[in-house]
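Encoded as structure tokens, here's the structure I'll be asking about.
We call the chains A, B, C and D, going by the order they appear; numbering starts again at 1 in every chain.
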Amino acid sequence: MNKSTFGNLFSVTTWGESHGPAIGAVVDGCPAGLPLAPEDIQIYLDRRKPGQSRFTTARKEDDAVEILSGVFEGKTTGTPISLMIRNKDQRSRDYGSIAYCYRPGHADYTFDQKYGFRDYRGGGRSSARETAARVAAGAIAAKLLKEIGVSFCTYTKSIGPVAASVFDPDEIGRNPLCMPDHEATEKASAYLDECIKKKDSAGGVIECIIKNVPAGLGEPVFGKLDASLAQAIMSIGAVKAVEIGDGIQVTAICGSEDNDGFTVDDSRRIKKTANHAGGIMGGISDGSDIILRAHLKPTPSISRAQQTVTKDGTPTSIEIAGRHDPVVVPRAVVVVEAMAALTVADALLANMTARVENVRKVYR
Amino acid sequence: MNKSTFGNLFSVTTWGESHGPAIGAVVDGCPAGLPLAPEDIQIYLDRRKPGQSRFTTARKEDDAVEILSGVFEGKTTGTPISLMIRNKDQRSRDYGSIAYCYRPGHADYTFDQKYGFRDYRGGGRSSARETAARVAAGAIAAKLLKEIGVSFCTYTKSIGPVAASVFDPDEIGRNPLCMPDHEATEKASAYLDECIKKKDSAGGVIECIIKNVPAGLGEPVFGKLDASLAQAIMSIGAVKAVEIGDGIQVTAICGSEDNDGFTVDDSRRIKKTANHAGGIMGGISDGSDIILRAHLKPTPSISRAQQTVTKDGTPTSIEIAGRHDPVVVPRAVVVVEAMAALTVADALLANMTARVENVRKVYR
Amino acid sequence: MNKSTFGNLFSVTTWGESHGPAIGAVVDGCPAGLPLAPEDIQIYLDRRKPGQSRFTTARKEDDAVEILSGVFEGKTTGTPISLMIRNKDQRSRDYGSIAYCYRPGHADYTFDQKYGFRDYRGGGRSSARETAARVAAGAIAAKLLKEIGVSFCTYTKSIGPVAASVFDPDEIGRNPLCMPDHEATEKASAYLDECIKKKDSAGGVIECIIKNVPAGLGEPVFGKLDASLAQAIMSIGAVKAVEIGDGIQVTAICGSEDNDGFTVDDSRRIKKTANHAGGIMGGISDGSDIILRAHLKPTPSISRAQQTVTKDGTPTSIEIAGRHDPVVVPRAVVVVEAMAALTVADALLANMTARVENVRKVYR
Amino acid sequence: MNKSTFGNLFSVTTWGESHGPAIGAVVDGCPAGLPLAPEDIQIYLDRRKPGQSRFTTARKEDDAVEILSGVFEGKTTGTPISLMIRNKDQRSRDYGSIAYCYRPGHADYTFDQKYGFRDYRGGGRSSARETAARVAAGAIAAKLLKEIGVSFCTYTKSIGPVAASVFDPDEIGRNPLCMPDHEATEKASAYLDECIKKKDSAGGVIECIIKNVPAGLGEPVFGKLDASLAQAIMSIGAVKAVEIGDGIQVTAICGSEDNDGFTVDDSRRIKKTANHAGGIMGGISDGSDIILRAHLKPTPSISRAQQTVTKDGTPTSIEIAGRHDPVVVPRAVVVVEAMAALTVADALLANMTARVENVRKVYR
């Protein structure tokens, strides 16, 4: 059951509401012997921390992670790693209309339909704050993957109508929008300023490239690596579409253009002549870069008036008070990376049992 | 673990290779008391059967399903339903180059990388033939969903560069391409004839609309209904992108345009003023139509020469012999529908336990 | 995967080491709308708290539970309930020989074999302290079950060679050994005093009776209710045998003696004429009392000298310092009850989907 | 969910009813490259085949297994292995009172309570015939385990009041009761003849010893190896108690007697000085023999008159017609072994991911 748990062998269970005392994650199945310090996790959390630019919420959270279990003398022990992040800025206040109205574009209505009532404080469980727990867990997955050389390059590909057209990897970490294109960043910033002025919001596209993934990860049928990635990425609140490799563009071209041929490199190792497939063939990694894109909708919380109803069915209008992120894309970059890392780490462990010769290798 | 199993409460496990004696599915968790006859399943299987137009493989399979367990006196018993479809056209023959070469766009290379060797006969386990088992299982899921009024409308939205521009539901079942637009069908057919002539292939887009889904299905975090649907649909071999609702189009518009407002209907029931979200908010169904799109790549099997290598790393060229579907989209329509039905049926059962009042209703 | 998670629909994941900062549990899948306060949990935790008699460890823990998520305005929200118990008495100290020797009867050696090293402080993850997290979670399961009338009666049936021979339910809560027999309690106390004097320890038997379980819980094959209970109970550290109903006694009698006949009560409701089966037939609850027994080994920590080796394989002798429970049975009574409650709650939710008519009841 | 599936990494899903067309199992997760022929499975099935002595049912079944998928060129491919056994002796006949009466000691009543109706032909899904599918799957697990030297010795320890008192391994395969004691076999046979004469039945005890299991298998908390074994064994229809190692005997002795000490062997490898624990410490295998015992109730089908009711609640009497096994113990020996093999194989694969160094070994 994947209610609040993701992954089978390397799994994470998240818990916590936006305005409860804390949020957290339990990572189970991380192999023993992995060096792990709070800083390994903090560096990831800092990438999604609010308040780092004028385009993010002013909520004050230092998002300091506590490791409560599963690490001893600086190494993972193989038992569950419990991570907790205290909510600092959850002071009791007047939730006003949010408590009895349904915010358009949010989960208020569907939570009430599912559970009969909801924790309305700041969106409760459906708040994007839950993703901090995923990022903390993803940092551990990424650390494990680094052991065998897997690395990630994740960035904003577009914001609203503004797309990056050059790829300068150094630029990604240098600007608050995580775009690999300085000029596009300028344009996107201007576009966002316009959104703020109009009390509106923007969406965008995130691309994630995963390098050095060993060939063989993923299961041939329902557990295809791309299927697991699609679930992982689509489970991030604002995501409305997921692409692998050339994605939607493949529908209009011919097989002869789309198929990746095979050849050998100088050391006679087999490699592909192209990577339209995005590193996954028949659901299994082929050793090339894995490439995926997440399409995120505009932030639903906007301060202009919107048509809605109260939970008793009385039509009304709502203006979401407070300052919200006019765009969540830049902060979601590390969330996409975290979910991708969790997926690949889980597939990495699952694939260890694919061959009898691996059984022999481990148990000699 | 979802190696060969999909779903938790309403689950299906598929088995079988393209050229083995049979393929099959075990459906576990179907509630007892559902009327079920082989015809309920056969009608779905017939929608994906090969040989129904000049655009599909000439492989001869009547795809007759046998129900081996789980049904007694015309009703499901609550125990596993075993479904088997004999492979008829799997006569031993010369697999030629397929046995030792890697077909571009196929899983040959990745299977060898994962498992050390592979059943190369007709693609073995990675053959699209496996989807027949999914369709058989999906037919049962659809039958269950029909009990509470859920229905499906699935069709080809585009083939290659040719998109349907009108929506005539009666047209869908009337033409071999499953398009809801007569004129587009003509153009797509001409495009496909061109592909065949060029020894090439085409991809396309499938749209699935699910009607009358009760509000409340899906879990708030990793088990979001859209996340599960994304996994389900992306697990179909040729799919490279999945969209929910307005999908990729939401990235370029503003929150005020994308948010679905709320109002009440004449009987004062709450409803949305639009459905950009595609029937799912915060991962939970909202009672509107669920809308999803699958983007499929062109059939990788093409008869023109392609660059490849043998498994020993010797560069060579391959021409895939035999007549293959120049496009899999029309036959994949029912596969998309089956996977969507399996996903929704599973979420339907999972949601039954969401409230204490439901526990009381069942156990009074 | 049930590494650190138990249950599918009503599930609990525990985390934490004996001498880490805290231990905890995440309960996922508890239906929304269940009234829940910290006291509901505390009352269970207090039943296993150390330091309540001369027969339990002097470790000072108030075992106060914090509910960190999943409860709003006094009711469960349907989202994960995170429970945390701070370790108070885990002051840094000299772990002496425990760090490099293998304690007989403990998991020290097997943890090293599995993970390559271990958190040796107080047994780390394999400490009985982990069961506090189970008890906290079990309290929630029991609260849910109470909603439909299910209740538990769990007690010590024997300690060492001293068995209870009368059943006085009021006596159970009145004495520190949780025995339903005043005289046997006296004898058992004398036996334990003798064990302490000999620097030795004792085991015993716990019986759990579950009343008012609806008929129909449990799955017919691998998920039999008795099979799930067996796993649940055997997963408690010291348990070496589990019996259902008449248990081991049935092997020596005849079918005609063992079979429970059927009859009707005054309101013509079907009931059994006996309950040798212990309330479960073919793996499914039959509406009678469910009866199970757990057989616990003597506490492995004893202060007399024992033969062992260091982790480098040097033979040595070990005397476990400090005062340990000479018997864990009385404190394990509530652990057995908690695991039984978790098992039955999970089966209760699973069974809700067994019939199409239940689907209709919930979704009308 | 373990409705009809057992195991996570090495998993089996069984299907089929006693009098349906066939029964079967889908084994998923068996590593690729294991040599496997139908005979490897048949040899196990033949050990539980009916009609081999006067103490087993006269039902005619040759129990020939068909491998429908997952094996290519004599080796497992890593994809699901579908096994099918046709029911031969399921000719339509008059099920008489079984259709509307509840047989004492059977699952008739509980199936009706759970599902609303049941396949009454020969017990349907709750028939012991289902165990043939487990045995077929267990044979594959055993084959995998043999690759690293794990072997099984399983036998009848007692029948009714007659226990084996000597252990002659050669005797086990030589007599129809699978007892390791010739004299006890004679006595047990006489006891069973007496049971038949009295139209009654007997139970008994099965012991299973698993040799050469590597240390480290099993998870520390809920997935303890003994907990998984307990579930596996208790999920066999007639089993009412499960013991590990010294089992129930440990409750009456002292810790100093029960604890297994440690020493080193001649090659300075660490070993235990005793094996009261039965090869599992803290839920993890310690490298010693794993020892477990299953206690089975007498066959519930007896031909003497028993008190029961019809499904409408009319008291009546039932005499089970036909010739049934007066004892199921000898035929259940291989079922216990199969379930143990499935459990250990699953734990073997799960443990491969316990250490980062194993990840490196596999992916170098």
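Everything that follows uses one rule, which is that contacts are C-beta pairs under 8 Å (C-beta built on N, C-alpha and C of every residue); 3 or more make two chains touch, one makes a residue touch a chain.
These figures come from a predicted structure and were not determined experimentally.
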item	value
Farthest chain (mean CA position) relative to chain D	A
Duplicate of the A-B contact set - from C-D, B-D or A-C, the pair where over half of the pairs recur	C-D
Chain A and chain C: spacing of chain centres that average the CA atoms, whole Å	38
Approximate Å spacing (C-alpha centroids) for the pair chain A, chain D	44
Whole-Å separation of chain centres (CA-atom averages), chain C against chain D	26
Chain C residues counted as touching two or more neighbouring chains	1, 3-5, 8-9, 14, 29, 32-33, 78-79, 114-116, 125, 220, 350, 354-355, 357
In the complex, chain B residues that touch chain C	1, 8-9, 29, 31-34, 76, 78-79, 144, 147-148, 214, 220, 348-350, 352-363
Residue ranges of chain D in contact with chain C within the complex	1-6, 8, 14, 102, 104-107, 109-111, 113-116, 125-126, 130, 158, 160-161, 195, 198, 200-205, 215-224, 226-235, 237, 240-248, 250-264, 268-270, 273, 277-278, 280-287, 295-302, 304, 306-309, 313, 315, 350-351, 354-355, 357
Chain C - residues contacting chain A, complex	1, 3-5, 8-9, 11, 13-17, 20-24, 26, 28-29, 32-33, 66, 68-70, 72-73, 75, 77-82, 84, 114-119, 121, 124-125
